[in-house]
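Structure record follows, encoded as structure tokens.
Order of writing sets the labels: A, B, C and D. Residues in every chain begin at 1.
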Amino acid sequence: MAPSYHLQIVNLLAALLLLISFAMLSQRRIVGLITLFAWQGMALAASAALVAWATGQHHLYYSAALTLVLKVIAMPWFFYRTVRKLDVDRDVEPMINIPTTMLIGIVLVIFAFNLALPISQFSGTVTRSTLGIALACVLLGFLMMITRKKAIPQVIGFLAIENSLFFAATSATYGMPLVVELGVALDVMVGVIVLSIFFFQIREAFDSLDLKHMEKLKER
Amino acid sequence: MSTGIVLQFTQTLLAILLAPLLMGWVNQCRAWLQGRNAPPITQPYRTLRKLFHKDAVIAHNASPLFRFAPYMIFSCMALAAGIVPTIANDLPFSPAADAIALVGIFALARVFLALAAMDVGTSFGTLGARREMLVAFLAEPALLMVFFTASLISHSTELPVIVAALAHREFAIYPSLAFAGVAFWMISVAENARIPVDNPTTHLELTMIHEAMILEYSARHLALIEWAVALKLFTYSALGIALFLPWGIAEQGRVDMLPLALLAMIAKLLLGGALLAFIETISAKVRLFRAPEFLGTAFMLAVLGMLINFLLDV
Amino acid sequence: MEILSLFPREPVQWAWGFVLFWLALGFVGLLMQGSQWLRSGLVFSLGAFGALGIAGVGVAGLMSPASSMILPIGLPELPFHLRLDALSAFFMVLLGSAAFGVTVYASSYFKSMVAGSLALLSLWYHLFLAGMAMVLLADDAYAFMVAWEVMALSSYFLVTTDHKIPEIRRAGFLYLLIAHVGAISLLLTFGVLQGGQGDYTFDTMRFAQLTPFWASVVYLLALFGFGAKAGLVPLHVWLPEAHPAAPSPVSALMSGVMLKTAIYGLLRVTFDLLNVQVAWWGTLALALGLITALYGVIFAAVQSDMKRLLAWSSIENIGVILAAFGLTLIFYTDGKGALAALTLTALLYHAINHAFFKGLLFVGTGSVLHATGVRHMGYLGGLMRFMPWTAWLTLIGALAIAGLPPLNGFVSEWLLLQAFLLTPGLSQPYLNMVIPVAAATVALAAALSAYVMVKFYGVIFLGQPRDQALQHAHDIDWAGRLGMLWLAAGCVLLGLLPTQVISWIEPVVRMLVGQALPGSGNWLLLTPISAERASYAPLIFFAVVAVVLLLTFFWVRRIYHGRVRRSDPWDCGYPEQDARMQDSAEGFGQPIRQIFEVFMQVERETPDPFDRQPRYRGASLDKLWFILYLPIARVVGWLSDQAGRLQHGRIQWYLIYSFATLIFLLVFTR
Amino acid sequence: MEIYWLLGIPLTGGTFLGLWGSRKNAPEINAFFSFLTLLAAAFLTYRIVDQGPMIVGEGWFFIDSFNVFLVALTAFVAFTTALFSRPYMRIEKEHGKLNDKRLRLYHSSYQIFIGAMFLALTTNNMGILWVAMEAATLATVLLVSLYRTPASLEAAWKYFILCGVGIALALFGTILLYFAAEKVLGSGGGALLWTHLNGVKDRLEPTVLSLAFVFLLVGYGTKVGLAPLHSWLPDAHAEGPTPVSAVLSGLLLNVALYAVMRSKVLVDGALENDMASNLMMGFGLLSVVLAAFLIKRQTDVKRMFAYSSIEHMGLITFAFGMGGPVANFAALLHMTMHSLTKSAIFFAVGHATQKAGTQLMADISGLIKTNPTIGWGLMLGTIAILGVPPFGVFASEFLIITTAMHEHPWATPFLLLALGVAFASIFGKVQPMVFGETDLPKLPYQPALTPVFLHLGLVLMLGLFIPPYLAAWYKQAAQILGG
């Protein structure tokens, strides 16, 4: 059994993750959003590594490294590039104003927690309580996707969901089998590539990344 | 059986021969009532004779149906007169056609008359046919209902059985029969083209029904139709008598009763004819559009009679 | 010996053989690259031969006990079960005998069609026949439904043969839609009837023990499903559209035979598959039947399109049949077997009668259409002189359907009315009240149908031609005449030999209600109950009329000279004589319209005094369409608008849907 | 062994076509690879029918009669679609809607898409199943936006985002599954193998599994197109090229439903209640009804048939929800029939729209005149999909509706209503397209309609006669699904 301060650190990281999610929710500028996303990835990698060290699940080191490479370096860099290229770095007006979003977010967190409460009892892992936080992050990411009106923030929300899923996988269950991890990572990478193609297509079709141009297909 | 056959033929023949007489009698009564000096009672026979002697004039575009119809109508009426018990009961023909079939026979004759009227394609012919069918579609079911009322009492649709049931049993009051009687009266007035529904003596195009249909007929065809009309009147009167005052009709195989029956029959017919003439004189012809209402009333009365029968009599 | 063992013995095997023959014929007709004569003449006359075979099989089936077989097709646990018992055998006879005449007629009617469409048409036509036969043979729910829908589908394609015309397309669409909805409700019927665990054979259904509630559910669903096919008011709207749209022989089959398959199904489910009957079923069916009969005949009276008129009159006849069905149920549930037998006999008798005279009338209009190309009665008239065959044969049909003795229509009506007369003493008193009114309604409908037929026949065949072109109308050729002759002969024989026909029907009646009519010893005399009760001897009747007629004729001829002079019609001496002065179809229907205007949505187009060429147009439309069907359509449209609102293009909203669903489920499943 | 061929051929095909680029006979090569895949699938199927279920590759792959029949179906439809797309895409190119680059993209990702679906079907590992589903999505996103028109881009974007989110939820569900499993099976690779899970399903923790199933259902359900998660489906089907629409609604939806069913089996084992069944019945009914009413207001033919796919998927889901041998059998049968018929319809529609130059039904009429085969193909296909016998769709609908009436009578009014409305809407719109007059000239080229009539012929045959081995196959599958 690993000494308890590991757990405290992991829980701390979990709290940090939640905090970052909230920050993303309230962040207006895209660049800031990307930075937060990078930080989230960092926290993720750290927690993965920590859990790996604490529990001796070595394959978690690989996933930690993978996360570091993908989500802290590759993707943020890519997003910065895109934003610069398409210069879309303006203030992002969310559909619902920030305070309201925050309130909804808090409600969601409470909901997630007492949803996860009965489950975490059964967890054999040291970091059972993190499941609730992961779930909360998923829901917050979802909320962010709903509230943002531009393409890139929406995608970042999507990736935030991916992050929290990954967090759930690592901290709550000590990681999925490595193959799955790799597969997931691969999918995420391909997804991002596809996205990059998309951004340019959308850009050249609508010459902006604002989603309001994409409401033509409907029942009328 | 042989007596039955003989009876059957005599009765049918008698009916065919006597029918115009009844017509003449009615006309005579009416003339008296209206204060005219009457034609002789044999006037109808003279008319028939005259008509048979004439050359037939037929429209160019008349089809064979036109010439075939009068014979058809006549023979239908003859059969009808044959199966209604006038003087003797339980005739060999009568099982061949019961009350419902009788209605069917009338309908057959009527349809042929209407078709013949439409055949030449004159404005009046079609008009008459339409009006005739209009009258019929209410009168026919009403007549059927009258028969039903009678046959619900006698538990049979066989005319002889009905008559037997009504005549040869202890006297009983049937409220339903009262309704049926009134209905039957109204129906027979309509069916025989009498006032107040139709007027056999008018040729005013606005009002005529029956006359309009036979406008194109002449000579022997006309004669046959006239005769058929007389037969119809006779048959209806006989029916009314058989249903509503059947006393005196000879029972099964009672040949000795026949003369009495014959006398009773004639008496009743004279009475009925006079009554008909009287009512015709005192009543005015209704407008054609009122005719459906008149007949509707008859229909309702008949149905009511049947209902009453279910309520009270059974 | 091998050959002999291959050789079918049971009637059902023969029936299946003939069905196969029809199917094969259909595809041969599709693929055959021959002359028109080869196609229409050969294929259709072979089809007629098949029909004759089916009729023969039916007769054999009536004679012999029920025989059944199993085909190696269908669902895995559920191969097609076929069974030929008395009931299906009787309807087989109906199908075969009516279809024979119609198909013989068709072989000459379709001669003038273009090759391509004729090839398709012969395929659908024979598929249609085969489908109807299979409906009668099927002994499990799946086979039944397949046959049922094949019948509907092929008839749909027959209806839309001339699909260039939008009205016809609309008619076909309406037809298939209502047929499909009815079919779904039949599915539900069988869903209740099935033993569960997917055993759909009728045999197991016969032994299914249902509570009265579920039995009633089955009955109502079946009434809906079969009623939709039979044209029961208010499910009748497709019928006056589809039947006129189809080519006349097809209309004849649809009206004469296809509607009867619905009656067959109703009898099968109610009396054979269900082993519990509830009293009020009969009253419901009786009421619906009477309403249908009256509604149909009233609208028939105001039609001006001849085929539409016939279609409405089909609705009337179905109504009469359904009323008989209701009476049968009433008597049966009331334990009055003899009366049930009587009404059931009347029902079956009327069914086969209608097959014959309606078939005859429809092919009659077919040859009118063929000769003149006109369906609207306002442009016809006087055809009796140009096409005597058609005219005289149609006259028989018209008299028969008008219920006049001594033809067949009268017999069934007579039997039905007798049943009405025998009702006193039913256990429920309220029925004793209902019955007289019912009897009155039936009588009224019958009388009105006479009105309708006088209009139909008089306007089309009598009077002066309303159009000069009609002068050149030519009669149909010999094959067509042969077909019509067969149908007309059927009308006459069914009218003259009721006792024989009833003795054929007897096994069916015995099978369904347990007993049959007591036959009188005398083969001339039709006595349903007893000689005192009622009797009818059409042969004597006919003989007397004929004899009297001949006697009078010869007497007149002998005594008086037969000189005849031809001249213009007199017409009260009016100088102007014009074909347009005759009653038009609308004019003839006018009084009825005036009396029953409440049921109709009347559209009039009256000319004002200053019209250059004044013309009058009047149409009496079915009010039910406006007060029932259009509102339903509107409600559906409104609902779909509401549904459409959900889909309004904004991705955030779509995400909210998923989010809400997720949250809801999470809350819901805790 | 066949299994590796099955997975290998499409992937090599994809890469090869990617390299081969737009040389002239790329479509033929595409069809050729699809044919090889079909062969491999046939061998595999034969093996399974011969020897029963088997586990390959130290437990990574598991093939039983349930997924092998989907494999066969997928391979077959993929092959016929390749045949159809060969002339179709050529003409699209002639019309200038496509260029060589996109055609190459189309061909290579078509193969990869097929490969991904095979992986999803054959894998034994719930995690890999998820990965494969995601891969299939990614492979098709760019196909949907192949025409680069604003509309197609929008459709693809919605497809990507909605399905991405959905699939992410499915991943969370999978994690929860693993979370519950590792306590029974211990952590490591074994804990996600379906066979192992199936072995111990009654020991899995119910509360966790119910939660997991909610996530899995919402996640994969999005890809099945269950209302109200269906919003992406009509857009993607209507805007993508027709072959893609055909495989999307003919195959992808099935595979997604397959994933749902795999997890349902586990959940049913773990929870003794019928929570999963009720959920599926609810979703199914909702989809059927909603789709029926949405069909009524369509003007675009492909969009309309996309909604009809939703309707049928709803029907299948409802049937699976009812459970029991008959309903499961019916649902599997309906899966087959729907894929065959719907893809056939899309083929016919593709040619029709290509000829008319529009997807608006109002502007298409008289197909029977311009090209009888297309006309009759569309007409018969429509009749088949509407559940009119003797076509096979009726067989399954017959079983579904009768069973529903027998076991859940409350649901039947909705079914009756929905089927009636759907029939009226679809048939009322297709009839004037097929029948009636038109001024369009006859087709200049011969359309590739062999697939259409091949499919319809099969559907017709299955409606009248289901071969015993096929039936046995269905029955085993139904049993696996807890018959």
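FYI, a residue touches a chain if its C-beta (ideal position, glycine included) is under 8 Å from a C-beta of that chain, and two chains touch if they have at least 3 such contacts.
Note that the structure is predicted; figures quoted are calculated from it, not measured.
J.: Looking at the contacts, which chains touch subunit A and subunit B alike?
T.: Joint contacts, listed by label: C.
J.: For the chain pairs A-D and A-C, which is connected through the larger number of C-beta pairs in contact?
T.: If we tally the C-beta pairs in contact for A-C and A-D, the bigger total goes to A-D.
J.: In whole angstrom, what separates the CA-based centres of subunit A and subunit C?
T.: 70
J.: In angstrom, rounded to a whole number, how far apart do the mean CA points of subunit A and subunit D lie?
T.: 31
J.: Between subunit C and subunit D, what distance separates the C-alpha centroids? Give it in angstrom.
T.: A distance of 44 Å separates the two centres.
J.: Between subunit B and subunit D, what is the separation of their C-alpha centroids in Å?
T.: Whole-Å distance between the two chain centres: 79.
J.: Counting only residues that touch at least 2 other chains, which ones in subunit C make the list?
T.: Within subunit C, residues 643-644, 646-647, 651, 655, 662, 666 contact more than one other chain.
J.: Could you check subunit D for residues that touch two or more other chains and list them?
T.: In subunit D, 157-158, 161, 165, 169, 211, 234, 294, 297 touch at least two other chains.
J.: In subunit A, which residues are in touch with two or more of the other chains?
T.: In subunit A, the residues touching two or more other chains are 115, 142, 145, 154, 214-217, 219.
J.: What pairs of chains are touching here?
T.: All chain pairs meeting the touch criterion are A-C, A-D, B-C, C-D.
J.: Please output the residues of subunit A touching subunit D within their complex, sorted ascending.
T.: Residues 57, 115, 118-119, 122-124, 131, 135, 138, 142, 145, 151, 154, 158, 161-162, 165, 168-169, 172-174, 176-177, 179-180, 183-184, 186-187, 190-191, 194-195, 197-198, 201-202, 205-206, 213-217, 219.
J.: Could you pull out which subunit D residues touch subunit C in their complex?
T.: 157-158, 161-162, 165-166, 169, 210-211, 214-215, 217-218, 222, 228-229, 231-232, 234, 275, 279, 290, 293-294, 296-297, 325-326, 368, 383, 386, 388-390, 394-395, 397-399, 401-406, 409, 412, 415-416, 419-421, 423-424, 427-428, 431-432, 435-437, 463-466, 468, 471, 474-475
J.: Going by the contact rule at the top, pick out the subunit C residues touching subunit D in the complex.
T.: 72-76, 141-142, 145-146, 149-150, 152-153, 160, 163-164, 166, 169, 172-173, 176-177, 180-181, 184-185, 187-188, 190-192, 194, 196-198, 200, 636-637, 639-644, 646-647, 651, 654-655, 657-658, 661-662, 665-666, 669
J.: For a test of understanding, state which residues of subunit B touch subunit C in their complex under the given definition.
T.: For this pair, the touching residues of subunit B are 52-53, 55-61, 63, 65, 71-72, 74-76, 78-79, 82, 93, 95-98, 100-101, 104-105, 107-108, 110-111, 114-115, 118-127, 129-131, 133-134, 136-138, 140-141, 144-145, 148, 151-152, 155-158, 161, 203, 205, 215-216, 220, 224, 289, 292, 299, 302-303, 306-307, 310, 314.
J.: Sort out for me which residues of subunit C touch subunit B in the complex.
T.: Subunit C reaches subunit B through residues 381-382, 384-385, 395, 399, 402-405, 410, 414, 417-418, 420-421, 424, 432-433, 435-437, 439-440, 443-444, 446-448, 450-451, 453-455, 457-459, 462-464, 525, 531-537, 540-541, 544-546, 548-549, 552-553, 556, 559-560, 562-572, 574, 577, 579, 581-583, 587-588, 591-592, 594-595.
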